[in-house]
Each structure stands twice: as C-alpha cells, then as structure tokens.
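Common to both upcoming complexes is subunit A, partnered first by subunit B, then by subunit C.
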Partner chain A sequence: MTDLQLWISALEIGSFYGLIALCYLIVYQGALVFNFAIGGYAMMAGIATSWLATEQGAPVWLAMLFGVVLCVGSSVLTEMVVVRPMVRRSGHDELPKLIAVTAVLFALEQGAGAVFGRGSMPGQWLFDIEPIEMGEAVLDGAALQMFVVTGVVFALVAFWLNATRAGRMLRAAGDNPVAAQVLGLPTDRIRLTAFFVAGVIAAIAGIVFALKSGITFRSALPWSIKGFLAAVIGGTGGAWAPLVGGLLLGAIEVFVPFYLGGASVDYVILLLAAVFFVVRPQGFFARRIRV
Partner chain B sequence: MNALVRRAPLRSRGSVLPQILWAVAGMIAVVLWVGGSGYRQDLMVLSCSYALVGLGMYIPFIMGGSLSAAYSAYAAIGAYTVCIVAVRTSWPLPMAWILGPLVACAVAVLLGMATRRLSGNYLVAVTLLFGFAFQTWTIDASGITGGSSGMLGIRKLEIAGWQVSRQGLFVGSLVVVCSVAFLIERLRLSPWGIALRGKREIPLAVESTGIPVPALELVSLGFGAAVAALGGALFSGYNGGIHPETFGLNILFLAVFMPLVGGVGTPWGAVVGAVLAVQFSLNFPSSIAKSGSFAFAVAVMLVLLLAPKGVLGYLALLRDRMRRRRSDGSAAAGGKQS
Partner chain C sequence: MLVQGKLKVAIAAGAVMAAIAFPGLSHAQAPAAKPAAKSAPAQKAAPPSGDPIIFGIDEDATGPGSVIARMSVRAMRLAVDHINETGGILGRPVKIITENDESDATKTPAVTRKLLEQGANVLFFATAGSSIIQAKPIVKEAKVISFGTYTITAAVTAPPDNEYVFSMGNANADVTTLLCQGWEAAKVKRIAVFGDGSATVDTILKGFLPALGKCVEVVTTERAPVDANDVTAQITRIRNAKPDAMLTIANGGQFEVLVQQTARRLMPKVLRFSTASLGNQPDAWKLASPSGLEGLIFTGSATLSNPLTKQLDAALRAKHKDFVAVAAFDAWSWDAVMMAKAAIEKAGGVSDKEKLLAALTSISGFKSSFGQPGFTLSFSPTKHVASDGLCGMNFSVFGKDNKPSPQLWKTYQPKC
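Now for the complex of A and B:
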C-alpha cells in the first residue's frame, strides 16, 4: 500500500463517492428519503455534457450548462412530481418512496440510453490542466480537478449546513419532521431545496468524474449503490461524514483488486455492506441526541 | 397498494372457475396470436420467463412487503443450472429444472438468514450487491459457468425418451406460468398467505398470534426465488444457452415493476406486466423501437403516480362498476347497505 499512484486513484474514486454520498445525506436530512435516483442524476449530467460537446459539436461550457440544468431539473422534478405526492399519500412509509425513486432511476437510465445513445463517451475538459509529476507517480488533471472540486463543495456545504438559516432548517426537518411541521417550518420548501442542492452537487460530480473513465447510461445504478454505501458508512453525523465513507470505499475499490484480483472487489464490498449494516447501521459518525 | 391487499380474501374465494376459464382463454389467444411465427413464439417464451421472475418477486415483495433485490441472481441460478447440467454432466435434463429452483431456494434462505436484521433500504442495498457479486462470479468462474462468453448450444430437454420441441416448450411454458399464477393466487388467499400479508402491514400482530415472522419471511423468500429460478431455467432451456448479461440488472428493475404495472391485487398482474414489458421493449413499432425500454419506464412512472392499482386493478374496478350499474337497474329498492 505504498504505491502513490494507487493512492491518487483511490482518493479520486473516493472523492466522487463522497460527493454522491453527500447528495444522499442532504436529501435524507431534508426529506427522510434515501434517493436512489442520485446516481441517475450524476450520470445524466455527465452523459448529456459529453453528448452535446462531442456528437453535436457545442462549446464545452454550453454543454456543461446543459448537463447541469438537466441534472438539477431531474432532481427538482423528482421532488415535485414523485416524492411530494408519495409523502402526502403514504407519509413516512419507506417502501413506496423507495420504489418510486427506483422507478425514477430506471427512467433516467433508459431515457439517457434512448436519447444520448448506448455507447461509452469520453468526459469533457473545461480547462486544460497539465499533469503534475510527483516522484514516480503522476497526478493527472482529472484527479486534481476532482480533489479541488470535492474540497470546495464539502467546505461550502459544511458552511451552509452549520452556519446558515436554510441549513439549520434542513437539519431540523431531518431530525424530526413532525415537530418541524408543527413549529411552522416550510417543510415542502425545505425538501425542494434539499433536492435542488443535491442536484447541483450530483451534476458537478458526474461531469468531473466522467473524465476518469468515460461515461455510459449504465453508470447510473452502480453510482447510486456505491454512493448509498458511502453515505451509510459515513453516517449522518456531519457534513464531512460522507467523505470519510467515500474515501474508505474508494480505497477498497482500488486496493482490493490490486492485491486479491479483479473479481474479489464485489465479494469484499458485499461482505463489508452485510457486516457494516448490521453492526453499525448508523455509520461511523452519528449525532447523539439527548432526550 | 394497500387498499387492494386489504380488500381481497373472503370476497374472491369463489372465483376459481372464472380464473381457470380466463387462463385457458388467454392461452388460446396467445397460441392463435403466435400462429406459425417463430419471432412471436420467442417473444411469448421470453414473456413467460419474465412472468415467472415477476411471480417469484410477487410473493415476498407484494405479499410480504420485503424487497429483495437479488432476483437477477435467482433467475441466473436457474438458467445456469440447466446449462451446467446439460454441458458438464450426463444427468437427465429434467433434473436440472428441479435442481435449479432448489439451489436458488437454498441461496435465498441463506441470504435471508444473513440479512435477517436488515430491512428497507439496507436490505435492498445488500441484496443488490449480492446480485452484482453473483454476476461477477459467473464471469469469473469460467471453469464452471463458461465465463464471459457464457454457455451455448446445450442439449435439448428430454422427458422419458420424448424430445421436447421448441413448440412443445412454448406451450408447456404457457401452462406452467398459468399454473404457477393460479397456485400463488390460491396461496394468497390461504391462511399462510393471509399471515404473510398481515406481516407486511403489522408484523407485530402476526407474531403475537403465534406465527414466527422470521420463518414466514424465509419461506416466502425461498419460494419466490425458486419460482424465479424456474423462469431462468425456461429461458436457457428454450434458447439453448445463457450469457452472464442475460439476467443482469435490467431484469431486476423489470421484476420489481412488472407486478406493479400489471396490478398488485393478484399475481396475474405479474403475468400481465411481463407481457407488457416484453411487448414494450422488444415489439414496439420500429420507429420508436430504440426507446422501448424507456417507454416501459415511463409507463411504470405513470402507473406508480396516477394508477397505483395497475392494469388488472383498474379492469376489476371497471367490472365492479358495470356490475353495480346493472344491479342498480334491476333491484333499485333493496340495494342500500350501510
């Protein structure tokens, strides 16, 4: 585990999972839903950007704007059209909401496949970043961009959650939705805000991560499930918790195949999830509330 | 969803004969529709295979309320068992059709025991990861499963010296699907089914009547997996092979959505949903054929949001309304009940 190149790769994948997990956390705090469609939003942003830039020849910034708008739009629409009626109809029952967001994920996946094609597409650069040599390892532009973006996004979200009015309302709604409603907090608006912010982060994550190994419409489900895992491992204890879960998962995904062979990573992750969910379902960081 | 589940037991007790008549009529209609067309026959066998996967999902998911996402793996187990027995042993092939569901049942029970403390999202995540891991294994263990190229050209099914043709398998699969759906419908109305559906709503109440809920859940998971494996066996038996991608994650989405689209009030909904899924994704007019799966996905969304009772649920509603109108007309005086 001393190979710097592997560590760079682990950090890059881990940062991406951390960002997706952060989306889960924000939506969970605002709406008490594990939104499995998040991988779908990120995939949508990445694939729409690549499609507009490579197949339609649009300028990259315009393509990225299109990807972000599509992604945030899907997220906000999910809240307005799917989650809101579900909450009205079945309250905080878990299964109907889970099935509904899974249907959104399926529709996003198939929609992206139908509109943007089923082939793999390369990611898009906004700036050309020269790779940096670090001894025997090389820090390429994609990884550097991912690190910077992850740092900035997490710092902003931490500030937003802890120091702003909207962030505090979000946490209040997540801690106790009934009490929040009774106190007159605008729970509908809070939920919408959560989905909006998660959509923006998913868009950024999807577009930046597409640079690493391209993107297809099939990326949606694996991203969703890995992001969920990272979110659960990290826990809901704070804004930085998802990053810890993501980095751990990223390290597993890079080092396990390196030492134990390619197929083993799926077995190890299955085992990890099964054990972790039973032993510590609240994650590494959980907020303790004294009642 | 709940309204239909609650509505059922006593009222539809007597509907055995109409059900059989509908099933026979449906089978005849399908055979007539297929005619001599090989393509349509392929579509219908695929529908039957999907229908079995959906029916398998129906038992623990719609009746029991626990969503296990390992159904791609169960179907694959059934399919691979047929292929492995056909290629690597000289055992009679019908054995493989029994062995596959048994293996899937055992795997489901073991997985159910390992995940017995999980529910909701956590259960879905772990079983989904099991599906991933199983698919990886089918590609990785090439000595057993044929690896990434899968297994092709397996020998034909022979029952007591009679070689079953593709037509024979097609008709047989229709009979099997209808029998399984009928069986599950009877099971749904049996005391066991009522206990299982009770568990879905209020587990504690079921436990307090003396029925061990964990055992109930394991039996439902095992039974569902066996039915799904039969669907997989049908697929590989009919097509003479299997590929690791055949029962990928797409089938999982379909397995969840087929019963919902068709209607959750009866297992026949899974059958209707399977036919719709196959027609949507493979038999769409050529101008929009590329987006067939997308059309099905949109249909799923519409059903979930606007018509949670599914196709059969609405047909039943329509039938009830027409009946009521007829009886209102004939006996207007004594019809008021409170």
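Now for the complex of A and C:
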C-alpha cells in the first residue's frame, strides 16, 4: 500500500467512477430512477469527440463541444421521450423506467458503433500536459486532468444542490416526490434539469477518461455498471457520497489485483456489491428523510 | 424507506447487468497475429458469366472481434473483386454472401447452416476460433471446404471433424518455438506473461505456458479483464518479479495499448514482447500516447520485403483511404480466397465436393502474401494449416512513431 503509483491509479479511476455515480445520484434525485444509460452518454461524448477530431479533422475544442451537445441531447431526450411518458402512465413505478433506460443504454451502444465505428479511438487533448515525476511514480496528464475536473465538478454540484433554488427543489423532489407534487413543485422541469445536469457531467467524464487508453462503443456497459456500483456503495446521502463510492471501487480495482492477482478483481467487486445490496443497500451515506 | 424500496428493483436490474458486463466471469473473444499479401495486377479478361460461385462469409460484424473481422473481410472482398476483374474462376463470377455470428459460438451453427442454405460453395470464417469449432460438424456433414481466415487456434484444424476445415497463419506451437529462439538469442532467461481475461487467451495460455517453460523460467503470469481501465497493479507485480522480458498475449486493441504503455512507463528497461495481435491491428496504434509502443517486439508476419505483401499493401492502400498498413489478417484472408480459387480451378468446379477437397489438399508451393520473401503455403490430408514453417513469421519492432519499424528486430530472425 506504499506504492504511490498504485494510489495515483486508484484515485484516477475512482474519480471517474465517482463522476458517473454522481450522474446516477442527480437523476435519482430528480426522477427516482437509476438511469443505467449514464455510461452510454459518457461513451457517446468520448467517442463522438474522438471521431470528429480524428476521422473528420475538426478542431479538438469543436469536437468536444459536439460530444457534449450529443451527450446532453441524448440525456435530455431520454427524459422527454422515454421517462416522462412513463411517469405519466405509471407514476412512480420503478421497473418500467428501469427497463426502458437500460434499453436506451444498449441503443446508444449499438448506435455509436454503427455511426462512429466499432474500433477503438484515442482520447483527445485540449491541453498538452507533461507528466510529473514524483520519485519513482509518474503523474501523467490524463490523471491530473481527471483529478482537477473531479474536484471542480463535485464542488460545483455540492454548491448547486445546497445553495441554489433549483438544487433545493431537486432534493425536495427526490426526498418526497408525492409531497413535491402536492406542493406544486414543477416536477417535470426538475426531472428535465436532472437529466440535463447529469448529461453535462457524463460528457465531461467520458471525454476526460478517454484520454487514459482510448474509447470504444463497448465502454458504455462497463461504465454504467461501475458507476452504478459506486453509487450504491456511496449512497444517496449527499453530493460527495458518490465520490466515496467511486474511490473505494477504484482502490479495489487497483489493490485487489496487486495483492490477489488480476483474475480475482471481478469476483471481489461482485462480492462487495452483493454485501452492499444485502447488508447496506442505502450505501455508506443514507439520506435522512423527514416525513 | 423510500430509498431502500426503490433500490431493490435497481439492484436486481444492476445484478443482471453486472453478470453481462464482467468479462472475467463470462466470455470474450478471439485471435492473435501474423501478416501478408499477394497477387498480380489486374489483366484484361473476358467478364465472367454463368452461375456465380458463392463464397459464404461468417463475419463477426458487430461483436468483440468485429475490428479484426472487418480487416479480414475487407481483404477477402478485394480478392474477390480482383478475381472477377480478371475473368472469374473458370469463367464464372464469384459472389459473396455474409452472415454475422458476433463471435458468439452459440450462434455460429445457425449462421453456418444459413450460409449453406443460401448455396455457399466455400465458407470463410472471419470469427473466433471457439466459434469455428462449433461449425466443424456442420461443414463436415455438408462437405464444404472452409477456412478460418484469422484464427491460429490449433483445435480448429485438429480432429475431430476437421476434414473440411483449414487455417492460414502459423499455429501457436510455431509462435512459441520462434519466441524461444528469439529469447535464446537475446539471452532472456526469466519472463513474465500478461494475458487478457478472454476465453481465447485462456486456451492459448494452456498451450503456451508449458511450451515456454521448456526454454525460459516463467516468473509470473498476470491477467486482467479485457475492459480493464487500469493495469498498474499487474505491471507492478511483474516489475517486482524482476523478469528479463514480458510477453503479452491478448486480443490487442485498447487493452494491449494500455498494457504496453503502462509497462513502458513502469519498467522501461524490461524487454516487451507480444504475440502480435496489436502488431496486426494498425487501427489501434493511434490509441497509444507518443512513443507509447516504442520498443515493443512482436511476432509479426507481414514484411514489405516480401513482394506479394508489398503488392497487397498497395492494393489495399489504393482502395481504402483510411488504410494504415498491411497486416497478417489482411494477408491470410487474401491468401485463403486465392487458395480456394486455385482448388476450384484444379477440381474443375465446385459440384464434386470430394474432388474439391482433394484438390485443396494437394496444393503445395503456393506463393504466400505473408511471411518472408518466397514463403509458401500448402495443404495435405493431414496438414490443414497453410503455413510452411517458421518463415511465415518474423520479429518486428515498434519505433518511436508507434508503427512497426521497416527494420526487423536485429537480435534474431528465423533462418529461411
């Protein structure tokens, strides 16, 4: 546990999982659904950015803008075309929405493969950042960007949730949707806002994480799964909870292979997930709801 | 209360998705490596006519091997275009039909039957070795000669039910022999092996490790899921085991780029070898950071010093504007089509299936589009792998530009 390089890796992938988990949390607060399409949005942003920059020769900043717009558009459309009609038909029944957003995930995955190609694509650098040597360890530019982006995003979201009217409405709707409706809160708008914000965060996460080793249309499902696990582990108790879940998952992904070998990591993660599902489904940080 | 209640449904869905998603607990996919090419400039000939000879292709178009299959099918289409432009086969045109099994062995039998029902006279499997194995009894029953265009899995062409099944590139036993020869020349005594978590690599490792253990000490074997986001832990374990060299056995792509970059960063003085999946995937080289692949030595098959390889490279370059470089998968596939053509011409058609098999298994001295200059291919009733010896391979090495250097590895090359 004293190898700094391992800690850097754990923090890097943990930060990414934390960002995806944050998207889950925000959508859950606004729509009371675990949006499994989140990994699909992030993949879409990363792969669209790479495609436009490398295959079409567009400037990187323009490609990133395109990726963000596509990702946010996909997220918002999911709310308007898939989730909203279901809410109107079946109220707060969870299962139909879950199935529908999972179908969206697979549609995004195959759609991206068909449109942008099924090969891997390289991540795109907006700024060229030189690696920083720290003794025997190296902090490369991709990891540094991930750390900065994660810190900024979590700080902004924490501020937004706690100190703005929109954020407080989102929390209110998530804490008690029935009461929120009775009180006349604009629940449709709150839900749309949640999908919009989650789309922006997913886009940033996907574009930045693609720098690590590239991106493929197949990234969507594993990202959705890992983000979901991070959300379950962290819980819904606050804006920073997903980061805790993500960092723990990242540490497991790095230190379990180091001590037990690479073949064991998936089993340990699934075991951990099973423990949380059974023993503490509310995660480390549970929401306290006053009824 | 509310949160816990909602979580139950989400957890159930998440558990199902997790079972789908964790490759370490399920399956993945395919092959490995070697290059090549061949054939003559298009000559003016009478356009082919009559009933077409049908080449059925089982292509993994959307599955985990789709990137490799795309290369393979691209070369096969080029070969068929070339055949049709130069008079067809025995004056008849060649028509391609395709189906997609997604490298899913459970789908391959149905896909194979569908191709046969559509009248395929020859089958080409641009899919995983584990999938082709499932098709073997069907092609034997149908008596249709079949080629695994990029598999090097020995079980594909080994009994049982192998009478009509053939492959092109050097099999795994040749690869281990070449590696041992190279390591002896480089005075490598201790190696670490890094494999991806796919079922294909499981199979390869079972054959590789005992064979490698006869010439070097395997100090550690590390694995990581195909979709791993980070391999720092595994590379650190390898570094701690103090090997002279690391051998990567993987399906290439994003995974192997991640492995090679991490290894280069964490143990720059350790020699890195690869069984060439990455070396044969030019589209994946761009994933690497600047100089990220520099120094990686792989058991390649394509060298432009072979004039037929050079010819194929030029033909593909002319046809596809995004073409990067000729690789084994291109050349093996091209040669598979050309050997099928030669067999059909020798048999006088495709109607007598046993005669066609006899014609194919009597081909020898066929000039190969891969391997070192003058390398040849042959089949016999007991030899179903086309390559005639180790000179179908070479040791190539990546340069600073993340592309294989024109200069092969100076320390050792197979004697041809």
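Definition applied: the second predicted complex is superposed on the first by the 288 of 291 C-alpha atoms of A that agree within 3 Å, B and C clash if a C-alpha of one lies under 4 Å from a C-alpha of the other, contacts with A are read in each partner's own complex, and residues count from 1 in each chain.
Keep this in mind: a contact is a pair of C-beta atoms (placed from the backbone, for glycine too) under 8 Å apart; a residue touches a chain by one contact, two chains touch by 3 or more.
For clarity, every value in this text was computed on a predicted model and none was experimentally measured.
Novice: Please determine, from the superposition on subunit A, whether subunit B and subunit C clash or fit.
Specialist: Aligned through their shared chain, the two binders clash on subunit A.
Novice: Would you sort A:F228 into first (subunit B), second (subunit C), both or neither based on which partner it touches?
Specialist: both
Novice: Tell me which partner A:G73 touches in the superposition: subunit B (first), subunit C (second), both or neither.
Specialist: neither
Novice: Taking the superposition as given, does A:S9 touch the first partner, subunit B, the second, subunit C, both, or neither?
Specialist: A:S9 sits against subunit C, while subunit B stays out of touch.
Novice: Between subunit B (first) and subunit C (second), which, if any, makes contact with A:F255: first, second, both or neither?
Specialist: second
Novice: In the superposed arrangement, does A:S213 touch subunit B (first), subunit C (second), both or neither?
Specialist: A:S213 contacts subunit C only, not subunit B.
Novice: I want to verify the contact counts: of subunit B and subunit C, which reaches more residues of subunit A?
Specialist: After superposition, C is the partner touching more of subunit A.
Novice: With the two structures laid over each other on chain A, which partner does A:V104 touch: subunit B (first), subunit C (second), both, or neither?
Specialist: A:V104 sits against subunit B, while subunit C stays out of touch.
Novice: With the two complexes superposed on chain A, say which partner A:E94 touches: subunit B (first), subunit C (second), both, or neither.
Specialist: both
Novice: Quick check on the superposed pair: does A:G238 touch subunit B, subunit C, both, or neither? Answer first, second, both or neither.
Specialist: neither
Novice: Output the subunit A positions appearing in both contact lists, the one against subunit B and the one against subunit C.
Specialist: On subunit A, the overlap between the subunit B and subunit C contacts is residues 34, 94-95, 98-99, 102, 110, 113, 221-222, 225, 228-229, 232, 262-263, 266-267, 269-270, 273, 277, 281.
Novice: Which bits of subunit A are touching subunit B when the two form their complex?
Specialist: Residues of subunit A touching subunit B: 34, 81-82, 85, 94-96, 98-100, 102-104, 106-107, 109-111, 113-114, 221-222, 225, 228-229, 232, 262-263, 266-267, 269-270, 273-274, 277-278, 281.
Novice: Report the residues of subunit A in contact with subunit C in the complex, numbered from low to high.
Specialist: Subunit A reaches subunit C through residues 3, 5-6, 8-9, 12-13, 16, 28, 32, 34, 36, 54-55, 94-95, 98-99, 102, 110, 113, 118-122, 138, 140, 175-176, 209, 212-216, 218-219, 221-222, 224-225, 228-229, 232, 236, 253-258, 261-263, 265-267, 269-270, 273, 277, 281-282, 286-287, 289.
Novice: Spell out the residues on subunit B that touch subunit A in their complex, using ranges where they run on.
Specialist: 1, 65, 67, 114-115, 117-118, 120-122, 124-126, 128-130, 132-133, 136-137, 139-140, 249, 253, 256-257, 260, 290-291, 293-294, 296-298, 300-301, 304-305
Novice: What residues on subunit C touch subunit A, complex-wise?
Specialist: The contact residues of subunit C facing subunit A are 1-4, 6-11, 13-15, 17-18, 20-25, 62, 64, 66-67, 70, 197, 222-225, 227-234, 236-237, 253-254, 257-258, 261, 265-266, 283-284, 286-288, 322.
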